[in-house]
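Scrolling down, you'll hit the structures one after another.
Each of the next two complexes has chain A plus one other chain: chain B in the first, chain C in the second.
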Partner chain A sequence: MNKGAQSILALAILGLMTGTASADVIKVGVIGTFSGPYALFGKNFKMGIDAWVAQNGNKVGNHTVEFVYKDEEGPNPAKSKALAQELLVKDKVQYLAGIYFTPNALAVAPLLEESKTPLIVMNAATSAIVEKSPYIVRTSFTMWQNTVPAAKVAFKNGAKKVAIAVSDYGPGIDAEAAFKKTFEGEGGAVVEAVRIPLATTDFSPIMQRIKDSGADTIFTFLPSGPPTLGFVKAYLDNGLKAGGVKLMSTGDVVTEPDLPNIGDPGIGILSTYHYSVSHDSKENAAFLAELKKGGASLDEVTMTSVAAYDGARLIYKMIEATDGKRDPAKAVDAVKDMKWISPRGPVSIDPATRHIRQNVYVRSVAKVDGKLINKEEQTFADQPDWALSTK
Partner chain B sequence: MRTIFSIMTDAVAYGMVLFIISIGLSIMMGLMRVVNLAHGAFAMIGGYLASYAIRDLHVHYSVAILMAVIGTIIVSIPFEILLYRRIYRKSDPLIQVLMTIGITFFIIGIVNFIFGPSLKSIPLPQTLSGPLDIGFRMLPTHRIFVIACGVVTALALWLLIEKTEFGIKLRASVDHSGMADALGIRTEIIYAVTFALAIGLGAFGGVVGAEILPIEPFYALRYMVTFLVVVSVGGAGSILGALSASLLLGLADTTGKYLAPEFGDFFFYLSVIVIVFLFPHGLFGRSHA
Partner chain C sequence: MSEIVVTHVPHKRSIPFGQEAVGALSIIALGAIGYFLYPDDLAFLTRLIGIAFLVLSLDLVTGYCGVATLGHAAQFGVGAYAAGIACVRGITDPVALLAVGVFAGTIMGLISGALITRFRGLPQLVLSIAVGQLVAALANKLSWLTGGSDGLSGITPGKVFGIFNFDMYSRTAFLFSLGVLVIVFVLLQRFVRSPFGLMCRGIKDDDLRARMIGVSIYPRLVVMYGVAGAVAGIGGALTAISTGVVGLDSVSFERSAEVLVMLVLGGAGHLWGALAGTVIFMIFEHIVAAANPFHWMTLVGLLLILIVVFAPRGLIEPVLSLASRFKRKGEAA
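On to the complex of A and B.
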């Protein structure tokens, strides 16, 4: 976009803002993957937001909140940017939320300051996203947040030589860096680091390469979706598990909807993650009951529903703090240092990074009452994003 | 040495999946001169039907393969009668491409609507799942099954086309359809049967290859180029061509993934460029000038 068009857009948005301040309907634009291979995660955005609205009503004070959904489809930054512009200009939204993929979040970030719109990131997990605009708050997780505990656990479990296999894009590279730094810091060795193209479906050659490297443990991250299942199956079927090579991953690789497809051979796979559907707390039980009441199938629940549920909480708080006016600085300030008990456990917004602090759980795949779940075994309490904070 | 054997087995397994799916496309291009871009879409329908049969009707894997192949052929019949029949052998390539890509998008939309956008697995029976020790390495049992399926398919097709009366009529229709017509061969029936055969093979490949090329609504587009490449490298209509192209490309892709995974599909397409440069009509193709 050239300078002229930019200023016209800015003017248009400014003009619209004066219009929205008096209106009593506050719109929130949610960008998520509602079709394509990653549609399950967009659906979970909506399930989470619907659950929050069902519990808290659609009114904050005397302002009515309305959510408008747009489909980001896949990793497609240009499209997401266009969707965000459409939401800002045409739908006159006061808040943006959602976003599954990192590149899409980065494409939307430059619009925020210009249009004075806060963005609640509900998935995209590359650390640097929150640094792109002071109006970004994130309620999901980052790769550093989940990977640092993974490296610590791997070392404590006796791993000496690790092979890292990650998807070749932002979060994958974050995961590789986080694991390498932590694991080598503890005294272990990384003997192999493979970056796998996002479109890969046949992981046999990669398993062979890992096997030849002599690693005793694999650490992996791939974005939840079709590739993760293929990776785990290749690990099992190429005899790596039988040969004693352990698999350590972030929870993205063993999301609950995939577990039935992985099947019993997957029992024992370790992962670190901020949310398990089987998390045992009354908040989670109430949350799942609400999802079910809203018509969702519990076999489809993933981490994005919780991030969206908590994200909706922040939006309500922001609307309350600004009394429905467009004041992004005040809105973001209102949620800094906010603490609450989420379905995933106790969480808070780190005022320095605007990223969520939360427990990270070490889980292993286990069969309970005939159903495969991620059983929480150990808790790393109150974890920050380790790339942005040091404690 | 072990590493070389390991790469070879992975390469052959991947190549065989490409072969089973692409041979149907190759036959249609070679015999009917139709560039059927919707071939992958029919393979995908096969995969979805098999997944549905196993997961919801709880039938055995072998029954599911049969149901998928027959089901896909039944689905394809209206397409053949209403659309494909009009474009055999004569029409403008642009019309073929527009029509078949339209069918592809249509099928993607319908499948997305009925089965939803998420990935559908095809659960394997106990005998085919899990690892198998073949001496120098562990290999997924399913890969052995895929390789066997590929060999059987290649042999059966060769016998069908070279040794049976149907094969003779088929070759006659290909070489000179006007003359074949004049000699009393019902070419439209030959074409219809060949169409069903091609679609059936696609569906079969879609099902047995689902472990390597997972079934989801965008399958039809995602692998379209791969299948077309196999046909153009092998030469349209040639069984031997499709087989050798599949194995060669499987080898290039697998070796590339093993040695330099960060290069992605680079080695796959590099070998395509080299082969097509050396053999413009494909390895075993004939010029249709």
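On to the complex of A and C.
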């Protein structure tokens, strides 16, 4: 034991002593899910940032930019806050970025003003996050942003009675509220609203309930992963599709890595989302080519890689505007109202909310060249976060 | 096991409060090392102390009473949520928040103790998981109160004793937590050697025999659970105060399982074992996660396997047997 303790202590000392900053290196701390069930999305953070660095080099002016990665693991706010503190105090990072889960972002927010550090949120999608500090900018999406167009399309497609089925947690409840408000505002009726516990894998009883409610369309949101696949399978197997009940969802339910598992019966499922891997533009083609060059498999690409890629763009712009000095107000001002063409389409940062404005696409699952993709059919241009701004 | 019980009976010639003084001074010394050598890691060390309370609490019911539980985070989480909610609703004095956490933890401990200790073996384990899951589900459902899956944020405690502000470097939070740990640890050292604590050990070693000498087991275990709840509640409240957020992770199954691993690692049935397990597990995890944020879990798994193979009764056991051998040698000479 004594030897063991010694070596562990030695390891500890070694580990804690590394990591001092030199003068002209600007460090960016990236907190993401790099292990556990959500590891794919953390990996996409890194893929996106690596792609940006590969295209633009690791220097802004004469400042070298260095990214430091920390594993947030899961929704664990206490850990995320400690990680952010460690990045700020020990690694002396000038920018924070990443963050997959909302509670983790909320935990980090109070540190920003005291430490004068901007935070680029690359996923966490609850609307209120950007209101927690003036130094937060978000490059991902919110539930409201993606759901409002879904409700409009459903109504336009002739839906009269909708059943809503969402996961029983923050974003799910956001999605339910957004859909209900918009759809009823248009003149439709919500006949059933089911909140499904996160760990559910058998959706047959829920399908039965939806069938009984007499709904002609289902709207659903579940976080991407095993449950989404189960939900779509249950929808197909229980004869709802055959019975003419339509399925409308946010893109989380039909992510590209899941499509091969859903298979041909899924063709025609509608969803609204801000990014499809198959988005047809030269920016997206270049982005995907860069990811591939970096060793990534295109079957793994998710929305977090684009959010990270655009986030890295903002960080470079901030470093350029402040010339490497710690000036969060100036840095955030420099990216407010910034406009550019992202791999997902034209985007801009809303100066009022510091949240990204972007196109939301209506897509349907289609088979192109033997491969299932989300084919973009209609575009809702320049969508804000509907919960924060009314414009 | 019986040998250990004997070593815990105070010697006649021993200095009064000697063990307690040693305990307090050792923790203070360790804390000072942390404070002065690693001033940049105080946020992590504060989190470590918060978890240490939960491991100590688990030690009281699992190590000292033999109650198998995989739902112990419930007490911790209830303490954290109670302190957090109280703070959001206007009680900002850290000491008062601590009291809120202790109170809530105790109540939760008594309730779960009353349920869980009625049974033994597998039903007990299942029931402990059920209680833990129930609390987790409630924390998620009552989102108007707990913030649900978004977590309870906006906890901004006032100054400690009206003087020391909670800062970004976690200096105040660390010293405050360390101070509370010293006090609680000393009290627990006394508590586990009290007739009550020794009787709990007796129940763990042979409950039939305990019953034969006229001990009623159930109320004792419930009271022990209450005490454990108080200790876990302190940990929860401290974590809420120092991080400013409480999330569903604080009542999660993973948290319960993780602290059980730490306890087994250090050695159940010893307060020092609980502390050692927490410190070693968390520091190891911290270092490998920093060195390789992508594959660190594999290394943690490897460490656990190694320790279970080479020191199945926890890391503290070989140290204790070494110490007692020295003692015997000294007495023989």
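Here is the rule we go by: the second predicted complex is superposed on the first by the 369 of 391 C-alpha atoms of A that agree within 3 Å, B and C clash if a C-alpha of one lies under 4 Å from a C-alpha of the other, contacts with A are read in each partner's own complex, and residues count from 1 in each chain.
Note that a residue touches a chain if its C-beta (ideal position, glycine included) is under 8 Å from a C-beta of that chain, and two chains touch if they have at least 3 such contacts.
Keep in mind it's a predicted model, so treat the numbers as computed, not measured.
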item: Joint occupancy of chain A by chain B and chain C, clash or fit; value: fit
item: Contacts of A:107 with chain B and chain C, given as first, second, both or neither; value: second
item: Touched partner set for A:200, first chain B, second chain C, both or neither; value: first
item: Chain B versus chain C as contact partner of A:168, first or second or both or neither; value: both
item: Partner chain in contact with A:40 - chain B first, chain C second, else both or neither; value: first
item: Touching partner for A:70 - first (chain B), second (chain C), both, neither; value: second
item: Lowest inter-chain C-alpha distance for chain C and chain B in the superposed arrangement, angstrom; value: 5
item: Footprint overlap on chain A, comparing chain B with chain C; value: 35-36, 39, 168
item: Chain C contact footprint on chain A (complex, rising order); value: 1, 4-5, 8, 11-12, 15-16, 34-36, 39, 43, 69-71, 74-79, 81-82, 85-86, 88-90, 102-104, 106-107, 109-111, 114-115, 126, 132, 168-171, 173
item: Touching residues (chain side chain A, partner chain B) in the complex; value: 35-37, 39-40, 168, 194-197, 199-202, 204-206, 208-209, 212, 225-226, 229-230, 233-234, 236-240, 242-243, 257, 261, 263, 265
item: Contact footprint of chain A on chain B as seen in their complex; value: 3, 6-7, 10, 13-14, 112, 116-119, 121, 123, 129-131, 133, 137-143, 211-214, 216-218, 222, 254-255, 257-258, 261-262, 264-265
item: Sites on chain C touched by chain A in the complex; value: 38, 40-44, 46-47, 50, 140-141, 143, 147-151, 153, 156, 167-170, 239, 243-250, 254, 280, 283-284, 286-287, 289-291, 293-297, 311, 315, 318-319
